[in-house]
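Multiple structures follow.
Here come two complexes built around subunit A, the first alongside subunit B, the second alongside subunit C.
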Partner chain A sequence: MFMAAPFLIDGAPYESTMGLVQKIFYFHVPSAMTMFMSAIVCGVSSAIYLFKGRASADRLAVAAAELTSVFGVIVLVTGPLWARKAWGVWWVWDERITSTFVLWLIFNAYLLLRKYGGPGSEKLAAGLAVFGMANVPFVYWSVNVWRTLHPKTTVVPTLQAGMRGPFWFCVLAFLLFYVLALSARARLESRRAELEALYLAIEE
Partner chain B sequence: MKRHWPVRMFTALIVAVTIALSSAVFAAQPPTAAAQEGFVPVSRTAQQETIPAARLVMIAYGFAWVMLIGYLWSIWTRIGKVERDLHDVSRRINAGGR
Partner chain C sequence: MRFVRTAWLVVRKDLVIEARSREIVYTTLFFAVACVLVFAFGFVNEGRPVTDAAPGILWIAIAFSGTLALGRAFERERQSETLRALMMAPVDRPALYVGKLAGILLLLAVVEAIVVPLVALLFHAALFDRPWLLLALLAAGTTGFAAVGTLFAAMLVRARSRDVLLPVLLYPITIPVIIAGVRGTAALLQADVDVPMARAWLSMLVLFDVVFVTLALWTFEPLMTE
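After this line comes the complex of A and B, so read on.
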């Protein structure tokens, strides 16, 4: 699907005010959607871990947090490349862009806490992930509530036929990639748990 | 267990912060308004460009591809390492049990 996407994007019409640079939209927005979904997966899994104590939910949360960070980097790099042409600047500290950056920082904080927080950091990190997830609706609605240069949420539902097909194709490609990467990353965490259990068995 | 992910994460953080700080350089230019409510398709673009859009689009797509492929490769190598460690530890346990 990632091989076919550039051909579909190339065939999509240009946007009247932005021209060619608007084609970044076909990777930028699906990355942002995947980042939001990953933040929600991480938050929900963390809540399950906090309240039910399921280790599998914690492992899924770690995997989702890492993917939130990965897709966040794509969003935060492709966005300024688009902005440079469309707005004439690389970065604007407006509500949508700043809140996306803060969301990305929260999930990086989660990963750092897991890595360097020591014993018991899993529960602290899980609490952080729940609040990170709560940030997602604010990021999404920020363009409609505050005055901002960023395109509003009305753009996607009102896409014209020539743009709609390639866009949803890219969304599907990103979501499939996300599901595959999440399951592989969760498997890695599961195998690490098995390894740690074996090390403990040796020590005993 | 050795994990390289935090190093990559810090690298990504530095890239993002660098991009953010570079805004100060370009902040002198007032941002121009582009389509916000919805996109209007056209068949052709303007011939004259002061900022080359093609280069920006290529960098954006190239970066996304490199990130996704790099991430898959990182999972692949980490799983491989854990599998090798699991194999070694299992062998040690089996040898000790005999």
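After this line comes the complex of A and C, so read on.
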């Protein structure tokens, strides 16, 4: 699907005022959607791990947190590229940008905690992810009152017919890629846990 | 009733230790004053403070010194393994959390009692025109910050590199508190005071407090179980 995406995007009509730059939108919006979904996946599976103690939920949470960070980088890089052309500046302190940035920071903090927190940090990180998820509406609301400039999500249904196809194609591609990466990463983590258990068994 | 009694015992223990050594209160206070002074060099231009700088400086000083106080308060518990002892006591775990939170809040109240007049004085800010609204903003903001901070500091007691991880985890989560505190205070400091705006930020802070204190009480038990 990623092979086909460039051709489809190339075929889509140019946006009247922005021209070529608008095409970044086909990658920017789907990665943002994927990022937010990934954050929710991480938060929910962390809550399951915290209260039920299921190790598989924790593995899913790590995978989701890493992908949130990766898609966050894509969003935060493509965003300014477009903004430079559309608004004339690289960065503005508007609601969506700021809350995306904060969300990205929270999930990087999660990864830092897991990496450098030492033994037992999985649980602490799960607590952080639950807090991070509960925090999203607050960040969104407070930054919303503070500043607003970003195009609204309502722009999506009003897309021209020629743009709509490639756009949803890209969304689907990103989501499929996300699910694939998520399951691969979670499987890697569970293999690692198995290996760990085997080592322990040998030592005993 | 037992819950309140347990929480009170934890607060009293912290207060007695603090009253004897005064370590945290003095260090945090001087750190906050130093913080305000450093900002003064950044934001005072030709003897006049930059307009609108006061609320930001006030809240950053509170957040920074709050982080310091949280770190120290739990470092003390860690050194002599007293947190583990508290956790082993046959009492409600959430009561321990409430006790620690109340202790931190009292400490920060002392710090704010000095820092707020200092900022008002140094930055020509009319902070005391609406004392009750300002007091409510400070109380709600500090509670929100300390509610998240107490839980994180408590859980990081078991982690490595906890000194640097506490701010790394705490600041992104408490960004709404900082924004609401700064904007709410700024609304009070404008030339034409914007009371409805300050009230809106205040209600957001109260909502934040309710959600995060509930969440902390709820997750404290599983987080602190090894």
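The definition used in the following text is that the second predicted complex is superposed on the first by the 189 of 204 C-alpha atoms of A that agree within 3 Å, B and C clash if a C-alpha of one lies under 4 Å from a C-alpha of the other, contacts with A are read in each partner's own complex, and residues count from 1 in each chain.
By our rule, a contact is a pair of C-beta atoms (placed from the backbone, for glycine too) under 8 Å apart; a residue touches a chain by one contact, two chains touch by 3 or more.
Source: prediction; values computed, not measured.
Peer 1: Looking at A:Ala201 after the superposition, I want to know if it touches subunit B, subunit C, both of them or none. Which is it: first, second, both, neither?
Peer 2: In the superposed model, A:Ala201 contacts subunit B only, not subunit C.
Peer 1: Can A:Leu112 be said to touch subunit B (first), subunit C (second), both, or neither?
Peer 2: Both: A:Leu112 reaches subunit B and subunit C.
Peer 1: For A:Ser121 in the superposed arrangement: first (subunit B), second (subunit C), both or neither?
Peer 2: second
Peer 1: Quick one: is A:Trp87 in contact with subunit B, with subunit C, with both, or with neither? Answer first, second, both or neither.
Peer 2: In the superposition, A:Trp87 touches subunit B alone.
Peer 1: Quick one: subunit B or subunit C, who's touching more of subunit A?
Peer 2: When the residues of subunit A touched by each partner are counted, B comes out ahead.
Peer 1: Once the complexes are superposed, what residues of subunit A are shared between the subunit B interface and the subunit C interface?
Peer 2: Common interface on subunit A, subunit B vs subunit C: 112.
Peer 1: Where on subunit A does subunit B make contact in their complex?
Peer 2: That would be residues 2, 6, 12-25, 27-28, 31, 66-67, 69-70, 73-74, 76-78, 80-93, 101, 104, 108, 111-112, 115, 149-152, 154-155, 158-160, 162-163, 177, 181, 184-185, 187-188, 191-192, 194-195, 198-199, 201-202 of subunit A.
Peer 1: Over in the complex, which subunit C residues touch subunit A? Could you list them?
Peer 2: Listed in rising order, the residues of subunit C that touch subunit A are 148, 151-152, 155-156, 158-161, 165, 168-169, 172-173, 175-176, 179-180, 183, 200-201, 204, 207-208, 211-212, 215, 219, 222-223, 226.
Peer 1: Using the touch rule from the top, collect the residues of subunit A that touch subunit C in their complex.
Peer 2: Residue positions touching the partner: 50-51, 102, 105-106, 109, 112-113, 116-118, 120-121, 123-124, 127-128, 130-132, 134-135, 138-139, 141-143, 145-146.
Peer 1: Can you check the complex and tell me which residues of subunit B touch subunit A?
Peer 2: By the definition above, subunit B touches subunit A via 1, 3, 5-6, 9, 12-13, 15-16, 19-20, 22-23, 26-27, 29-46, 49, 51, 53-54, 56-57, 59-61, 63-65, 67-68, 71-72, 75, 78-79, 82-83, 85-86, 89-90, 92-93, 96.
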